[in-house]
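Before we start, here is the structure in question, set down as structure tokens.
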Amino acid sequence: MYSEKVMDHFMNPRNMGEIPDADGVGTVGNPACGDIMQLYIKVEGNVIKDVKFKTFGCGAAIATSSMVTELVKGKTLEEAEKISNKTVAEALDGLPPIKMHCSNLAADALHAAIEDYRKKRASKA
Amino acid sequence: MKRIYLDHNATTPVHPEVFEAMVPYLKDEWGNPSSIHWAAREPKKAIDSAREKVAALLGCEANEIVFTSCGSESNNFAIKGVADALRGKGNHIITTSVEHPSVLNTCKFMEREGWEVTFLPVDPYGMIDLDQLRDSITDKTILVSIMFANNETGTIFPVEEIGKITREKGVLFHCDAVQAVGKVPIDVKRLNIDLLSLSGHKLYAPKGVGALYVRRGVRITPLIHGGHQERNRRAGTENVAGIVALGKACEIAMRDMDEEVAHITRLRDKLEKGIMERIEHVKLNGHPTKRLPTTLNVSFMYIEGESILLNLDMKGVAASSGSACTSGSLEPSHVLMAMGVPPEIAHGSVRFSLGRDNTDEDIDYVLEILPPIVERLRSMSPLYAKVKG
Amino acid sequence: MKRIYLDHNATTPVHPEVFEAMVPYLKDEWGNPSSIHWAAREPKKAIDSAREKVAALLGCEANEIVFTSCGSESNNFAIKGVADALRGKGNHIITTSVEHPSVLNTCKFMEREGWEVTFLPVDPYGMIDLDQLRDSITDKTILVSIMFANNETGTIFPVEEIGKITREKGVLFHCDAVQAVGKVPIDVKRLNIDLLSLSGHKLYAPKGVGALYVRRGVRITPLIHGGHQERNRRAGTENVAGIVALGKACEIAMRDMDEEVAHITRLRDKLEKGIMERIEHVKLNGHPTKRLPTTLNVSFMYIEGESILLNLDMKGVAASSGSACTSGSLEPSHVLMAMGVPPEIAHGSVRFSLGRDNTDEDIDYVLEILPPIVERLRSMSPLYAKVKG
Amino acid sequence: MYSEKVMDHFMNPRNMGEIPDADGVGTVGNPACGDIMQLYIKVEGNVIKDVKFKTFGCGAAIATSSMVTELVKGKTLEEAEKISNKTVAEALDGLPPIKMHCSNLAADALHAAIEDYRKKRASKA
């Protein structure tokens, strides 16, 4: 049902964990839907230097979380903002149709983390 | 790779004796049983004999058995067929909120057709309240459809009491016994069951054959109109090989049930105990004792079921999360929801369902690989992080 | 004893290649295709591949094929399913008076449900009048259900013209092609067919599997509600082995059709000519040329069909009198009656239907034993006595 | 579907034929139903001395015709009148349920033949 790439990211997730002193944290989903993704970013200048995730969810949820962290590391915030859920799914060689919506929220988590970072900076400034 | 199958509620392997019994009807005895020449003779006899074997397992007469193509057809046939035949008498059907989709969605369809349907709630063990059932029956009620045992949790319903109530109130009782046949002794006469569904592939016969017991005297409109097969109750050239297989499977079930159930119960209990001992934050779903010997449904809190299944599958272990039939859906199990299980815990449910070929080694292996899987997934889970503080 | 099978319209033997193809799915690959573990993988792939093979034979997309349990289910599903889905649009169905009971009795059931049904008459060859069809379509008409070829006489309907008319008038066209699939090239797109029924056991697959082609965009309510199988159009765990068998049978039909049809046509024509030469007072039932290559239906005047069949059977020859499905009835064939055949001549009808394994020797043998059988029965007949004076 | 006895009488019917100078002839059934039986009797004194039949019909129709001729030969008219369709079916070890009615008319044919005989005698007297 899942592509090999999905299974690889699911079984060997990249950048799993937390960043205690993260510059931005994004959380999306809710337990009722069966998916919660939490994304932590560390930003230097305008660049995402480090990124980590924690996810409660199915195979697709975990794999997309892992993939988005790979896609985003080293990118500028503007570049990162262009990454969509579709980008993530494509990078994984696609997802089963039924998983396209609910379990494909990783880019949303990323955008939430960036927003969180911007808010925090704004309030500090 | 090791292959350990713990998903017998989804489907069972074809028993080698069943396979042997059906092969002749795919090779040399392919005749149409309705014909009046040599090619029909053996197939016709084989169907008659299979019908007797199914009837023997259920404690009814052979001509009270109608062969169908699956459990879902049997359930649709029972509900739509009785409703149509009795529509002069009333417009109310009672069922539960934890039925298999083939009952639940049929009842929802009936609602759309103008029928009134009561979906009885269940308690946290998945049990209905008999008083509530009794109170729900009105003079408009024509049918009560309640399953024998739940496919997801294994919870066994108080069928005998339900039969007493329905008989006393003079309404028909349909029982979806797809998961129970062959695992629990069933005597439809003693239990006052009027219609009972079963499905071949849940008891070591192949997919594509099922049956509906229809008590003599119960009026039912066919779901499939056409020729005279099955005494005008189900048209279509008979699936002879499938019917023979179902007959054989029922014969084997009768012969081996006691031994098999003892074996399966012991392994299931070992698995249950092992999981509870080795893993924290595990919740049993379903009734602790009134439960099919085959079934263990547990929620691993803070993680999600599919990701557990995928990990198990990578290690060769087949299990399921909710009914396989509903795996096309992303909703948490309607059964667990009806039992009041919070959605995030429902999402973390895994059903292990055992069968005759499972061994102690199978269970040992699962108990070995499962704790690290759960631990790894929990280490990824933002929910678990909170618990751990 | 010699065994000569000339009843292929009732059912066909399972093709050895079909048997070989399905066996793995009864032995090792018994998984439930809806599961999400190793046991599901091969069965799921096998169903996908079978679906493509069936689609290839009909010239449609794989996802326009819904697997069912038999031709009768396909017919019930098509008619009841479309009627339910379109009930807001109209209440009128058109069919013919010579359909298989699974269409005819379904339409009679629909009448009881308040639908209006037009049963088009047929001429002495069993043909409908296209103008009459066109004139029968009103703005209340939602479905035309007309068979591809008649199972009793083999008469082939003008499906292309029917498709043109229904498409032009904007009503759906369901075609019961159970007897035609594998014997006549069918391209559902070119023929403007919206729904088409077929049955495995009529084309060398086993009993217990069928299919309904449903053109993309056609709305249809399930006959069997429940799980998500067959894209929510037909619930019930899939008959994997049966579906694989049907796929294989369609593949073989595509590969062998030309050769097979030439062979069967030659033998059928030889049988027909031989009977007409050797026996007096024989009437051909059905269209002399627009007819399935498999089918020869003749009435032996002054004697009765069953007594001919019994005599043939004593000599090892299997044939039928009317459809095997209706052999539970004593009424003379509704098809022949609709064609205006007098009842005593309808009673004397015998259907010989040929298949891929028949040989010249089979035909020679029948031509040898048939004349004395007819003569002996005529010598007993009070009707023949009168003719002879 | 048929008992061995039915098949024996069907394949080897007893007393098939006509009696040109019969004392009584009974015809029952009609072609629309698929069965016509014609029974001829020769009566001496009060006893059926000879009996023959002709039948258009299915296996059951031919077998019951044959059986009734066997049952009746040598019987008195009163004894013959007691023979019912049920008697005939039982003598054949039973008939399939669906054949019990339409194709089981041989006793009716016999009674019709006896009646015919009585009428003829009455009109002669």
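Letters A, B, C and D mark the chains in the order given here, with residues in each chain numbered from 1 onward.
In this text, a residue touches a chain if its C-beta (ideal position, glycine included) is under 8 Å from a C-beta of that chain, and two chains touch if they have at least 3 such contacts.
Note that the structure is predicted; figures quoted are calculated from it, not measured.
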Original post:
Per the centroid of Cα atoms for each chain, what is the distance between subunit B and subunit C, given in Å?
Top reply: 34
Original post:
For subunit A and subunit D, what's the span in angstrom between their mean Cα positions?
Top reply: 92
Subject >> Length of the line joining the C-alpha centres of subunit A and subunit C, rounded to whole Å >> reply: 57
Original post:
In whole angstrom, how far does the Cα centroid of subunit A sit from the Cα centroid of subunit B?
Top reply: 40
**OP:** Would you mind listing the residues of subunit A that make contact with two or more other chains?
**Re:** none
Original post:
Among the residues of subunit B, which ones contact at least 2 other chains?
Top reply: 36, 306, 310, 328
**OP:** Between the chains shown, work out who touches whom and classify the graph as line, ring, star, complete or other.
**Re:** line
**OP:** Can you identify all of the chain pairs that touch?
**Re:** A-B, B-C, C-D
Subject >> Contact set on subunit B toward subunit A in their complex >> reply: 302-307, 310-311, 314, 328, 330, 332, 342-344, 347, 379-385
Subject >> In the complex, subunit D residues that touch subunit C >> reply: 2, 7, 10-11, 13, 16, 18, 27, 31-38, 54-59, 61-62, 98-99, 102-103
Subject >> subunit B partner contacts - residues on subunit C that touch it in the complex >> reply: 3, 5, 7, 10-14, 19, 22, 26-27, 30-32, 34-39, 68-73, 75-76, 100-103, 105-106, 108-109, 199, 201, 206-209, 221, 223-229, 235-242, 306, 309-310, 312-313, 316-320, 323-329
